[in-house]
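Letters A, B, C and D name the chains as they come in the text, with residue numbers starting at 1 for each one.
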Amino acid sequence: MTRHSFLDDYSEGAHPDILEALLVTNMVQQTAYGDDIYSQEARGLIRQHMGDVDPDVWFVSSGTLANILIISAALRSHEAVIAPASGHIVVRETGAIEATGHKIITVPPVGGKLTPESIDAALKANAHFPHMAKPRLVYLSNATEVGTLYTKAELRAISRLCKERGLLLLLDGARLGAALSATRNDLTLKDIAELTDFFWIGGTKVGALLGEAIVISNQELREEFRFHIKQRGALLAKGRVLGLQFRELFREGLYFDLARHANDMAMRLSSKISNAGYRFVAETETNQLFPILPNTLIEKIKADFDFYVWEAHDESSSVVRLVTSWATEEAHVDAFAAKLEEFAS
Amino acid sequence: MTRHSFLDDYSEGAHPDILEALLVTNMVQQTAYGDDIYSQEARGLIRQHMGDVDPDVWFVSSGTLANILIISAALRSHEAVIAPASGHIVVRETGAIEATGHKIITVPPVGGKLTPESIDAALKANAHFPHMAKPRLVYLSNATEVGTLYTKAELRAISRLCKERGLLLLLDGARLGAALSATRNDLTLKDIAELTDFFWIGGTKVGALLGEAIVISNQELREEFRFHIKQRGALLAKGRVLGLQFRELFREGLYFDLARHANDMAMRLSSKISNAGYRFVAETETNQLFPILPNTLIEKIKADFDFYVWEAHDESSSVVRLVTSWATEEAHVDAFAAKLEEFAS
Amino acid sequence: MTRHSFLDDYSEGAHPDILEALLVTNMVQQTAYGDDIYSQEARGLIRQHMGDVDPDVWFVSSGTLANILIISAALRSHEAVIAPASGHIVVRETGAIEATGHKIITVPPVGGKLTPESIDAALKANAHFPHMAKPRLVYLSNATEVGTLYTKAELRAISRLCKERGLLLLLDGARLGAALSATRNDLTLKDIAELTDFFWIGGTKVGALLGEAIVISNQELREEFRFHIKQRGALLAKGRVLGLQFRELFREGLYFDLARHANDMAMRLSSKISNAGYRFVAETETNQLFPILPNTLIEKIKADFDFYVWEAHDESSSVVRLVTSWATEEAHVDAFAAKLEEFAS
Amino acid sequence: MTRHSFLDDYSEGAHPDILEALLVTNMVQQTAYGDDIYSQEARGLIRQHMGDVDPDVWFVSSGTLANILIISAALRSHEAVIAPASGHIVVRETGAIEATGHKIITVPPVGGKLTPESIDAALKANAHFPHMAKPRLVYLSNATEVGTLYTKAELRAISRLCKERGLLLLLDGARLGAALSATRNDLTLKDIAELTDFFWIGGTKVGALLGEAIVISNQELREEFRFHIKQRGALLAKGRVLGLQFRELFREGLYFDLARHANDMAMRLSSKISNAGYRFVAETETNQLFPILPNTLIEKIKADFDFYVWEAHDESSSVVRLVTSWATEEAHVDAFAAKLEEFAS
């Protein structure tokens, strides 16, 4: 078996069905800039999940672009974002939101998540107007950066607070597939469309070559959004490339199948690591695992597998991050597990 | 024969060789964010054309992103761009450059082009410092928005002026393939790398699904450019998708073959329109044609072909824009010509 | 007599009444950040001129700040400004508006002014959405940069067009005093408050040490404006300094008296230049004069007076700009005229 | 005795000498935009304190403008600021720095201050390039927002770290006068000019009507800084108003005299509060006092004095903030102390 990477869920290309669709439609001439038939079909398929919310749907090529677009389209220059200190826009997007002119007010995450209490505290601490930027948009991710989930009750409570306080709610769905396919999940796409003003459905991490679908429930943001897409460089001449992939992902549930597969592989791997006697710093809920392994074992596994050593745990062991994906095979999991057994014996 | 569109050069998907390469490499795990082997190979292939200029090469997903990135990375907030009034950043990018904080000083184009004289006039008219933004970067396109070309002498004269006056020079190469493959062209990629500080090679209009290659000769801009790519949302997790396409385009000259084919189809179409007795508002140099046709004829052709009616010429005739591409077939050209003959008889 | 400058209308300090008011109130403790009693009084005095429009009034320290604040508070990032190519924000503010992210669409001025026709043409030429920024705000100055005036009919026609097309209207009043005090003027502050969404009343050029009063009729902009004032660095701790000056200027009509005096001095100077046999490139309407003088005469006058040589008129004569102010004395005018007579003899 | 405010150090107008200078020079015509003779003299007087550092000096009308100008002129869009979480730019400037496009990385303050250790920790936590903005400028205030001081050793250690790591150092001197006049202070203006890249000397809080002097030691920032001043709306037509005030403040040491007076009044007040048996949450080092007073006493004092109740201390007492200034008289202090005695008896 060749070397395998558990570094992330975007190390391969696309699911074969997506490539096949690109091949089949390749020479059909289409209108440019997202007005092609495939993008229209994809929009329709996604909106079927939303019921009478009937949101607008747009496709862009990266998650950072999705966050930039939504936040900069939604806010005036004096308005700020509330986000968990661990949020992707806080620690992994090179100040992209600030580069559009907006302050991010960070709050300590609780299991990677925001709570009504933490949002309320941020509002209280940022109320010395006009000497402070006005909190106006709440940003959260599901699944979170540490792989945890929001329950329907949790998201509903945050949504209610936002409505009461005049705050817009944005859900970053880079790993939304993993969240919606998790065992403990009780949210649907329709719930999310109802509870947020805008969210986005990550395609890149669920089998697309590239592509994220932005879903806008908020009525005010709709009409002008396409200007922002163009202004930020996110309007692809061949928008068909994005639309077609989401058509494939949502035509017959491929999106959920692939996400579920990634989670299943994570559970399989989690069980095997548990059974080998190792603990985790967080329960495995989606496709990210954070086991604590002896450093000597880590060195041995690295001969055959790639993964991140997340942080030191104690003198002789470390937390590692393992990510499974739509492309992970049982054989990869089992080979990894075999290394643990080998080490034990 | 089905309806055919001469609206633009991005109505189809990708050249089949590119799709084939995506298929073949699909399940190979690669490092994310542009550090994959295909992107490295593509960089190497492109740099082979540049000789000892040995520039940096980066891949992004749209031309507007390329312009945003280069200009915002190169300039300080008080610095301005000089561009022809017809430039893409002026009239087709929704104020994207201004959105990054920079003023564009427009000058009247001469055949779609800048000249040392027009740049010099702009410098003179924008010298009341510090009450005026400081001109610092010259933007031009080759081929231009109206399909014309810069000769080596013209570009060299502009480059010399820029160096004398402390101006950076950016060449927008959305249709650089068409320019380099034109009969009258005497520029090479190496010339352009030497004469400009940065330019970009358009892939989207020369057979890629998406992708533009940014080439940076300027030493100062190099080290930090990747921060800008990430900050503007242009860093794709699966950077392999961009790199692989450019590897295919530059592996054995496919890029130039496809561009030449588009130009050849334009020449064939141009000849046939000329032979049918119609004139052009501009000589056909690349893959854009601007013939003057009777309005009654235009109506008839529209039954089978899509194209833009550019502007009224006189009471009974209009200028139309026809664009050929890598995907245009002789049969499409001939079918169009047949409509002219049919009308004549 | 000492050397005198006709360079501009801001070469001296403040009108003595203003300094006196600063002295008298100096040690009275006041609330900071514009909530002092003098600012409140000044607001009240200015609003008395506006009738039931009852606008919001804010004081800032420079005209560029006023333009930055109004435009950046009013617009979303994809929205653009329409302005005459000669507008102050176009040619004398170092790209300040673009630095806040907004494109300025310039139109050729007619006697320094916009017209409904020129605005309409700009709208037509900027309608290829979403590839073009959306025109959303019209900027004009009264008096204009070349000292000309808008009549009530002209401003009303522009205002009507703006309302029809969903455009906001901003009037830059750096020299509004000069305009309102001109012989030919038929506009009042109330008219302007009714016909525009926001305008500002220049204090710096009408006898204040510094200070411009922003007047906002538009309902939507009101509530949040103070955030923008603070965010752009325009909220002075001792806002009293601005408020008090406007209280003095509007307490008993000093503002209009000073502006009228400047215009009167301009008329006196204009007559004398005319009588001496020289022509003007534009009729003198406010406090700026543009006579054509022989170069040999210009050299002689320069021995005793400062002024700008605006542009060459022909081989032997030039247009000069002379600016009178609240501080210009008849003696200055007469001494200048004496130079003309001396030259003639 | 009338009601007195200890709310801040900017409740009065200007020191009488400053008003007198405005009066005396009022009708002298001066060149606009900061090129007047008074600004030149003020620059010279300030630079005399700096020895051979010989920095550039510019005058602007607010501290927020000073911070905006320095930071936005110094940084490229991908570069970030490191600041204490209590920093003025973090909590009292309405996101002004983010509005110019830059992320602020906050670190927990130690007594209101940064330390080499806290800066180093921020660097370590922000090194995942290019996914994180690049830390490039360190911001600190002296005196700090809680009235504490940097010693020469402390500032030198931070300066050394900055040089080693390629970081620019900015000192916000809104209350620099208070710091330099404190008993425990061992820093000079020359030290600060040598140890930082840029700092600013607050005038507004030390007896000016308005005005802050920006001092730039860094060679690279100098030439173009005036463009930024104009672009951000900070270039006053009557720059003389700022220059003249700093000329007065630095002509014969008035700046230091006024700051020392404020500190002396703070010490007098501090002693009296101590003697009355009350404690402080922080030692009084400059002109801000933070005593803990019984709530019943606070209510009584409020009948005659204004001040901020900073935070609850326990069920029956609170921390209050008292600020003295150049305008505070011994009588004000003694009257306040009398309330304490009255309460005690």
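Remarks
Following the convention adopted for this analysis, a contact is a pair of C-beta atoms (placed from the backbone, for glycine too) under 8 Å apart; a residue touches a chain by one contact, two chains touch by 3 or more.
This is a predicted model, so every value here is computed, not measured.
Contact tally for B-D versus A-D: the pair with more C-beta pairs in contact is A-D.
With every chain reduced to the mean of its CA atoms, the largest distance from chain B is reached by D. Here the spacing of chain A and chain B, counted between their Cα centres, is 34 Å.
Centre-to-centre separation between chain B and chain D, using Cα means, comes to 52 Å. For the pair chain A and chain D, the distance between C-alpha centroids works out to 43 Å.
Touching two or more other chains at once are residues 77-78, 93-95, 99-101, 130-131, 133, 227, 230-231, 235 of chain C. Interface of chain C with chain A (complex): residues 72-73, 76-78, 100-101, 129-131, 133-134, 224, 226-231, 235.
Residues 77-78, 80, 91-95, 98-104, 128, 130-133 of chain D are the ones that touch chain A when the two sit in their complex.
Residues of chain A touching chain B in their complex: 4-5, 7-8, 10-14, 16, 19, 22-23, 25-32, 60-62, 64-68, 93-96, 99, 204-205, 209-210, 227, 230-238, 240-241, 327.
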